[in-house]
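Next come two complexes, and both contain chain A; in the first it sits with chain B, in the second with chain C.
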Partner chain A sequence: MAGDLLLFLPEAACLLMALALFGLSLPRVQDQRRVHSWTMGLSLVMVAAGLAGLFQEGSLFFEAYRVDLFSQFFKLLLAVALFLVLSICRQLTGVEERYQPEFFLFLTTCTLGMMLMVSAVELMTLYVALELSSFSLYILVPLRSGDNIDVEAGVKYLFIGITASCVMLFGMSYIFGAVHSTYLAKIAATLPLWIHQPGAVIGLLLTLSGLLFKLAAFPFHFWAPDVYQGAANQVTTYIATASKAAAVALLIRLTALSAGTSLYLLDVLMALCVASMTLGNLAAMVQSDLKRMLAYSSVAHAGYVLMGVLTMTRLGYSSAMFYSLAYMVMNFAAFMVVVKVASGGQDLKISDLAGLHRRAPLLALTLMLALFSLAGIPPTVGFTGKFLVFAAAMQDGHFWLVLVGMINATLSLYYYLMVIKAAYLAEPAGPREALAVSGPTRALNYALIAAMVYLGLFPRQVLELAEQAVRNIF
Partner chain B sequence: MNSLHTYLFIALVLFCIGLFGLLKRRSLIGMLISVELMLNGAGLNFMAFNRFLAPDPAVGQVAVLFIMGIAAAEAAIALSLILALFRKIRSVNVEQARQLKG
Partner chain C sequence: MGEALQQQLAYVGYGLYLLLIIAGGLAAVMSTSLVRALMGLILTLFGVAGMFLLMNAPFLAFMQILIYVGAVSVLIFFAIMLTKTPEGEAGAENMLEWIGMRAGLAVLAALTPAIIMATLIVKKAPAALALKPEVTLAQLGEFLTGPFVLAFELISVVLLAAMAGAVVLGFERRKGK
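Let's turn to the complex of A and B:
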């Protein structure tokens, strides 16, 4: 019993944090500072629990829930992402004050859902976990105070999201019909028997579509720009970092089922990968709102991750895992600057960044490094991640795919450099006062810069961990 | 045509009606009803496969119970959001909500 509790430690910590936040949301009058410090403390406990549970192994709940290095890696990633997002919520200007404890509560339940999701090895468990995280996000998006665009974005997100989950559920029902079981292990074992039935392949594809929605990959990407723009900056940061990592984890688990047996699946994934990269990059070029631009760039990055996933080899999967970590760090750094510069919680145009290097040199430096990293310029973590993914695809013989990826990486340089140009070279129209950067923010900036460069130069430790984790899922 | 195929066909028709309604309807309430139709199509599939093929008769039933529970939660969230939108733009028609470009 005690051993089982140890297996469930990160989730238990998350659940306790959610309960505590629920308690904090009850009083009529709240002290914002106190709520935030409690939240930070609890989330630190969660990160510690994630670290403690990193090397646990076992299964729970009638084999429906597997704890292995793969799931624990992602759980730790999610806990860290939640901690980072909470750390930039001290001045929560984008959200009405009385909703702030609820805001933290739903961020926590969303993380809980994703943690359950990366461990789920049974279709119903997976579906319920996915919905737990999605429902929390449906509520978080319209919590922004101010104009109407938040509710509009929320409604849009909700309807596209529930449609994707219906499609996913319909696909699962066909898989259930073909295999007569909802356990992924059983599905993988009997796969050669049914993979040539068209109904089952359709089922698998429909199931994947639910995840592609979470990842904002090509046919399900159109919510991304609106939701990124409409949601409060902190929520956007969360969607762009944590929720992407969880989707990658699930995509790896599901595609690993059919490793190397289905050519249809490979063709479809390749088409989606090319479409995501190209469309994301081309659309990002014409954006003037910084968050919309980052949304389209996230569509393009979904394409790069798919390239690692579709090789369906250990190398491809471990590089996709590394890429999702890299993406989390660099994207968080970029969004952190957005949150800090838009101190009133407003949307940020690219032109609003003018003169940033004088107003806040440290933020400008972080932004520059994050964007270089997103574009894939050495010695940053983004370069290493892209290099690994491309190398894995090359080794699997997808020369054309890598070529398209390279062209796309070059294209993306254009719009990232435009932002850097705005921050470093453009002169602001009127005099702008300097941005105050507090001590903790300063430390966070240094930590992010160090992480981006360190992981870029010395990826070995993380990569070895990822390789070890991937060994468990085949 | 045996009866499994009949059920699968009905489920597919339900799903397609839902999808069509979702694309065609302009009222958010209508869209929500369409989504429920799609969900029930999936639920019917689970029950049909369960009744005619699966060795363990509990799995499909449990799945359908979960689907029903989740559908209820989904309806609650969707209706509350629709209400929030209605308070702001005095309409539940998606044509009226067009501040975002995407």
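Let's turn to the complex of A and C:
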């Protein structure tokens, strides 16, 4: 029993944190500072729980829930992502003050859903966990105070999300019809026999589309620009970091079911990969709103991750895992700068960054490194991530795919450099006062810079962990 | 009744329910009036209940009619009535009374057939073909507390998030007006 509890430790910590936040949301008058400190403390406990649970292994809930290095890797990633996002919520300017505890509550329930999602090895459990995280995000997006852009974003997100869920459920029904089980282990054992039937491929593809929605891959990317722009900056940060990592985890788990035996599946994933990369990069070039640009760039990055996933080899999967970690770090760094520069919680135009290197040299430096990393320039983590993904695809014989990826990486350099140009070379139109950067923010900046460079130069430890984790599922 | 005849009747039933589902779905999507769209949805839900009966799951059919046709539809009716002022109605001066009366009638209109049909289904469950063994209540319970226990328990967390979110968003919007 105690051992079982240890297996469930990160999730239990997350659930307790959600309950504590629910309690904190009840009083009529709230001390904003105190709520935030409590939340930070609880989230630190969660990270600790994630670390403690990293090397646990076992099954829970009648084999519907599998705890192994693969799931624990992503759970730790999610706990860290939540901690990081909460750390930039000290001044929650985009959201009304009295909804602050609820805001944290929904972030926590969303993380809980994703944590359960990466461990679920039974389709119904997986679906309910996915819905838990989606519901929380549906609520978080329109929570932004002020103009009505959030309502439009919220409604769009809700409708596209529900449609994706329906499509996913429909796909699951096909799989269940073919295999007569909702357990992934049983499906993996039986599905290769069925994989040449159209029904099985359709089922698997439709099921995957629910995750492609989360990942904002083509053709499920329509929500991304509006939601990124319309949601409060902190929520966008969360969607752009944690939610992507969870989606990658599930994509890996579900594509591993087919064991790489289906050529149709491979063709479709390849087409989606190319379309996501190209469309995302081309659309990002013409954006003037920084968050919209980052949204389209996330569509492109979904394509890069897919390249690792579609190889369906151990190398490909571990490189995709590394890429999702890299993406989380560098994207968080970029969004952190957005949140700090937009101190009033407003949307940020790229031109608003003018003169940032004088107003806040440290933030400008972090932004530059983050964007270089997103573009894939050494010695940053983004370069290593791309290199690993491309190498895995190359080894699997997808030369053309890698070529398209390379061209796309070059294309993306253009719009990332435009932002750096705005931050470093452009002079602001009027006099702009210096941005105050507090001590903790400073420390966060240094930590992020260090992480981006260190992981870029020495990826071995994390990569080995990822390789070890992939062995559990494939 | 002979086996062959039963088989044929099952096909007829299947076609009938399928027709109900598709026609209801089309009505729900194509209609411009919210109330008519909801009627289409109800038709579809009836069809789905019929499918459950065909699959020898009378309990699910019962739940489908009682909860979806009965409760959920009435809830949606309420939502439509409370958010939209009725148009083109004479004597709208006494709104509250109108709404109250209509709400009462709506509940009556939706719940009465639902209850009658649901009891009929449970009392006189038609003898189904031996396609699949009947999923009994006990089996259903065992499934929900066995293999699907995590999903079952998780739904409570989903509901917590959904309800808290509804409260927060509802208050926010009302204040904005």
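Note that the second predicted complex is superposed on the first by the 474 of 474 C-alpha atoms of A that agree within 3 Å, B and C clash if a C-alpha of one lies under 4 Å from a C-alpha of the other, contacts with A are read in each partner's own complex, and residues count from 1 in each chain.
Note that contacts are C-beta pairs under 8 Å (C-beta built on N, C-alpha and C of every residue); 3 or more make two chains touch, one makes a residue touch a chain.
These numbers come from a predicted model, not from an experiment.
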Where does A:M124 make contact in the superposed view: on chain B (first), on chain C (second), on both, or on neither?
both
Applying the document's definition of touch, where does A:F106 land relative to chain B and chain C: first, second, both, or neither?
second
Touch check for A:Y174: first (chain B), second (chain C), both, or neither?
first
In the overlaid three-chain picture, which partner chain does A:L116 touch, first (chain B) or second (chain C), both, or neither?
second
Using the touch definition from the top, say if A:L158 reaches chain B (first), chain C (second), both or neither.
first
Mind working out whether A:F135 is in touch with chain B, chain C, both or neither, as first, second, both or neither?
both
Which parts of chain A are touched by chain B and by chain C alike?
124, 127-128, 131, 135, 138-139, 142
In the complex, the residues of chain A that touch chain B are 123-124, 127-128, 131, 135, 138-139, 142, 147-149, 151-156, 158-159, 162-163, 166-167, 169-170, 172-174, 176-177, 180-182, 222-223, 225-226, 229-230
So in the complex, the part of chain C that touches chain A is made up of which residues?
146-151, 154-155, 157-158, 160-162, 164-165, 168-169, 172
Interface with chain A, chain B side, in the complex: residues 8, 11, 15, 18-19, 22, 28, 31, 35, 38-39, 41-43, 45-46, 48-50, 53-56, 59-60, 62-63, 66-67, 70, 73-74, 77-78, 81-82, 84-85, 88-89, 94, 97, 99-102
Can you list the residues on chain A that touch chain C in the complex?
15, 18, 22, 25, 60-65, 96, 99, 102, 105-106, 109, 112-113, 116, 120, 122, 124-125, 127-129, 131-132, 135-136, 138-139, 142-143, 145, 183
